[in-house]
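There are structures below to look over.
Each of the next two complexes has subunit A plus one other chain: subunit B in the first, subunit C in the second.
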Partner chain A sequence: MNVSTRFLINRLGKQCAFNRIVTYSTKSTEHAAANAVETEKEPKIKETTASTASEASIPIRKPVIPANYRFIYPEFLPDPKIEWRNPIREKLERMDMLDRRRQIDLPEFYVGSIMAVTSSDPHAEGKVSRFVGICIHRDRCGLRARFILRNVIDHQGIEVIYELYDPTIQKVEVLRLEKRLDDSLFYLRDALPEYSTFDENMEAEQLEEGAPVPVNDIKVVLRPRPWLERWERQNLRGVANIDQYLKDKHRQSARRVQKPWEKYDLMKQYRATIPEEEQNEIFAEVYAELHAQELQRKRNKRKRTFVKPKQLA
Partner chain B sequence: MLGGVVFKLRDLGLMKLTGSMVIHVRGKGHLNRPRIRNPHWFLRKKLSNIGELTTSDNKVFINQLVRENYNEADVSNNLKVYEQNLMKTEASISSPSIVISQNRRCGTIARKIGEYPLWLNNGEKIRTTLLQIIDNHIISYIPPEKYSPAHYPNVKNVNKFGCLLVGAGTINPTWLTKEYCGIFHESRVMPKKMLARFLVSPEAALHPGTALNVAHYRVGEFVDVRGKTIDYGFQGVVKRFGFKGMPASHGVTKTHRRVGNIGGGGEKGRVWPGTKMPGRMGSRWRINKGLQVLRTYLKYNVMWVQGSAVPGPTGGIVYLYDTILPHRKKKISSIASLSYENIDKVTDDIWSEKLHRFKDIRMTHKNE
Partner chain C sequence: MNQADVSKLMSQLRIAIRPRHRNLKNKDGPEGRLLKLRKTVTALVKHERIELFYNRADEARGYAELLISNAIRHGDTHNATMEMADYWLLEKQLVHKLFKVLVPRYENYTVSYTRMFNAPRTYPGIYYKNSVLELRGNPYPSLIVDQSQNKNLLHNVLLDEARKEYRRKKLAELAQ
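Our next item is the complex of A and B:
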């Protein structure tokens, strides 16, 4: 038994060794897989740690802040550029963000989720506009945080950039909470329109409580060239037919600009991310408030009467 | 040499003997040679060897001594009532409630700590810069009659203004020279990292030791911000002045980002002064005038100022003045408005009325 525990602890150590994770990465499958592995192993680890604790009588401190907060609330992590950082400014910014979150429910969402945003618009009829679309991109930190929704309306692709903390936003609904295979879905602009067409009257689909966020592994079919970007250079996983439109020269140039060594560049990774210790500090500051809001959201969810979801899009 | 000898003779009282002597003066250069008269606070600041020769016991002793000496004065956020610290100068006694649109108040030293957006009540997004007033104290006051700098600043009626010396950012006094620490003797505050002088009207003079914080500025007022711009080093003409450069192809060789022509021929056949050419970019003192104070937060001594063009990098030091722009200046304000009541902890976050607070309910555009 002793050997097996050691083995387990070793493996756990190896998993934990990869501390820094890119702030905006929503590479869903890997995380999901990792989570699954963790959840599988958790009871076992707990047992083992309990046994070791009873032997050594060391109190084990359970990490309070969930590990997935950096994916649910990426905008709470500041820009990692060192020249722009200042602890007081970051603190004030977080306070303002929480103030805003007390006024409006900003739910968990990811790139690939289908959302509806109701916002106050002076030029719209009735001064209110509601836009349904798929979130194709999410970026920037702090009060600048924003996301892009895309939909095809009357055969015309429409994209709207929303700022998450803009006070003109009245309501943010997540109609279908899911992730896609890529970090940003700009290639939907060059895909066939049916892949970014969503019904305006779509109803919200409810996920089971505690269930992991599903990953939609749909492969998108691209239109023939010309494209807006050189998609063949971006190592996309959610595109089905990219090879169909490539010539040899495209493949060669794509190979030429690849930088496979960059994933081993620890300094680059360090500069592009917030270290885990700092992340913990930041989330410890805002955890109580965010957690309370989450609980409130759950309560509200239960109050809602169950309606069988309709598959529309 | 000869002059020196003469002076020595005069000193000895032997001038009589040299009465008939002729002193040759070769040129008048020595008469109008500029005399360097630095302000009295321009002193060597840091010790050359900081504690290299002190033992650990001595270090403990020194630190203890420092703590004893500067115990009460080392309070960065002390909220003294501003009015009490106004100096009783002759001017203020003779005219206690004159309109002070002509008066100059003290400025402050601040640090640019970043920028982020705020929203107006009409839904418009604006960019704001956060300025933190770092531990400002009045160090000394020089009245107008005694203030005679070597180089007068380019200010109207400069002889009417006194000079307030303001320090910011506390530093460990054991690192500093004795004479630099002596500057702070009068005000009894901890020695400061940065010093700045501000011209003030005698009515607005403050007692040494007064702390200045963000309550010095009211929300809605306008300030001028002076700072040193970001240093970009030696840059070409495309980056420095936004020249277009030349095409990348079509037969262009070796002159894609170059200046091109710098002048004509004939009578004007020379490089005219002021021609834009490559050179050092940035690192110049610039004043951004007339920025509105939109929000102040007393607890952290931070103010939000409209715009994102405050000179200098994040973390850089800037100097704040009441604006000199005639239309944005405070029109009618008496000396009494210089005083600031103690502000409660509850209301230490003050917003401009035109801003939408994040605590307010979400904003809607109403039907008209």
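Our next item is the complex of A and C:
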């Protein structure tokens, strides 16, 4: 973890300064200095009354955190494993993440979205490489958050793992924002190549403002065995023809390893989640910054939509 | 570093939980473990105070807390919560108790819904620790002895002395 102490001190200093402004009004002290004739007590009383009045008049507003933030920014939630929790480390990491987000626009995306990532690559021509692909998996949290992009290039399946907060990433574009039926799409590796082939020169598709993220309910067609994983055991919803390749022994073994009681194991679920109160605390901390960035992104989008068509006569 | 599961929202528990579950030795594996715990949770909701081995009580406690907190959060019109209650409460009349008695009782609580005490171990006997698990607000007499009237406690001794001194002063004032 790289936390610059300078930055930290800056941040703390800012907070302290802000506190001082809130507790003592500088205006009234100047006023007191100017009117030296007045007794010492009077301005103080004035000051206190003024401050209380201003506090009373401004209602304390709590930020209304949208309910979908946990889906948009899952990496801001820490790892729920209790042994690995460390509130200070998590907070510092969140600050670093926001710092990175100030430098680069990291848009909302989900497993199933089609993305283009431009990153520095010392071996590439022009030292920059751009990879277009479908996001098949998202994992890890905090600064280590990463995602996997998949595409088929020259009849060869290619997957690239990107770390979301990697400083070598120069640009992240979401070409088509959508979700799929499953939480991870590793089965695309065993599907026909047409399901993970995407055009490199694809244009970004604009989604209507305020519209919910569409769910693409496409069912992929698997190629025959051998497969990389036993897909029949994973209760996949996005696979069309899995039954075609199953024999009775596969069905039986799949039935044998099912764990139908796990959906009732409340403590197991609790240990895998961050409780709502804690989530609210975390998102309240980063909301202002993220919201400002979202607004900026919206403004940029509007600008982009009014570009003059480049048609020559 | 795994991502937290965000598909479900749960309320924070007001009890300390262990990082890992206990296996609660049994031959049927995890399913048998859950059956054991279902029996315990059912007994807890039914009797409101039970005495059992510490490990099993501590495991069952979290499940009981979550069952109640989910019932408070979603109410009895939520299908998933109802299914959960149906699974965890083996006697079906207790489902009504959960939603009609326990939910109103605990709605405004800021502390945990259950309480656990260490209980004495029989000697000679099985080595396992014993404990008492109870729902808060149960109708039984409290397990904690009320010490506020014990005259040998230091603060009561001091209060007594202060009272005596006050009385002495008052008498001296009257005598003047």
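In this section, the second predicted complex is superposed on the first by the 242 of 313 C-alpha atoms of A that agree within 3 Å, B and C clash if a C-alpha of one lies under 4 Å from a C-alpha of the other, contacts with A are read in each partner's own complex, and residues count from 1 in each chain.
Everything below uses one rule, namely that a residue touches a chain if its C-beta (ideal position, glycine included) is under 8 Å from a C-beta of that chain, and two chains touch if they have at least 3 such contacts.
These numbers were taken from a predicted model, which means no experiment stands behind them.
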Exercise. Counting only touches as set out at the top, which of subunit B and subunit C does A:K127 meet: first, second, both, neither?
Worked result: first
Exercise. Touching A:I104 in the superposition: subunit B (first), subunit C (second), both, neither?
Worked result: first
Exercise. Looking at the overlay, does A:E83 come into contact with subunit B only (first), subunit C only (second), both, or neither?
Worked result: both
For this session: Could you look at A:R144 and tell me whether it touches subunit B, subunit C, both or neither (first, second, both, neither)?
Result: both
Exercise. In the superposed arrangement, which partner chain does A:E278 touch: subunit B (first), subunit C (second), both, or neither?
Worked result: second
For this session: Have a look at where A:Y264 lands relative to subunit B and subunit C in the superposition and call it first, second, both or neither.
Result: second
Seminar exercise, completed: Residues on subunit A touched by both subunit B and subunit C 83-84, 142, 144
Problem set entry | Touching residues (chain side subunit A, partner subunit C) in the complex | 70-71, 74-75, 77-84, 138-142, 144-145, 259, 261-262, 264-279
Exercise. Where on subunit A is subunit B touching in the complex?
Worked result: 83-86, 88-93, 96-97, 99-100, 102-104, 120-122, 126-128, 142-144, 163, 165-170
Exercise. Taking the complex as given, what residues does subunit B use to touch subunit A?
Worked result: 113-114, 116-119, 123, 125, 130, 132, 297, 300, 302, 313-315, 356-367
Exercise. Across the complex, what residues on subunit C touch subunit A?
Worked result: 1-6, 8-13, 17-19, 21, 30-31, 34, 59, 62-63, 66-67, 70, 84, 87-88
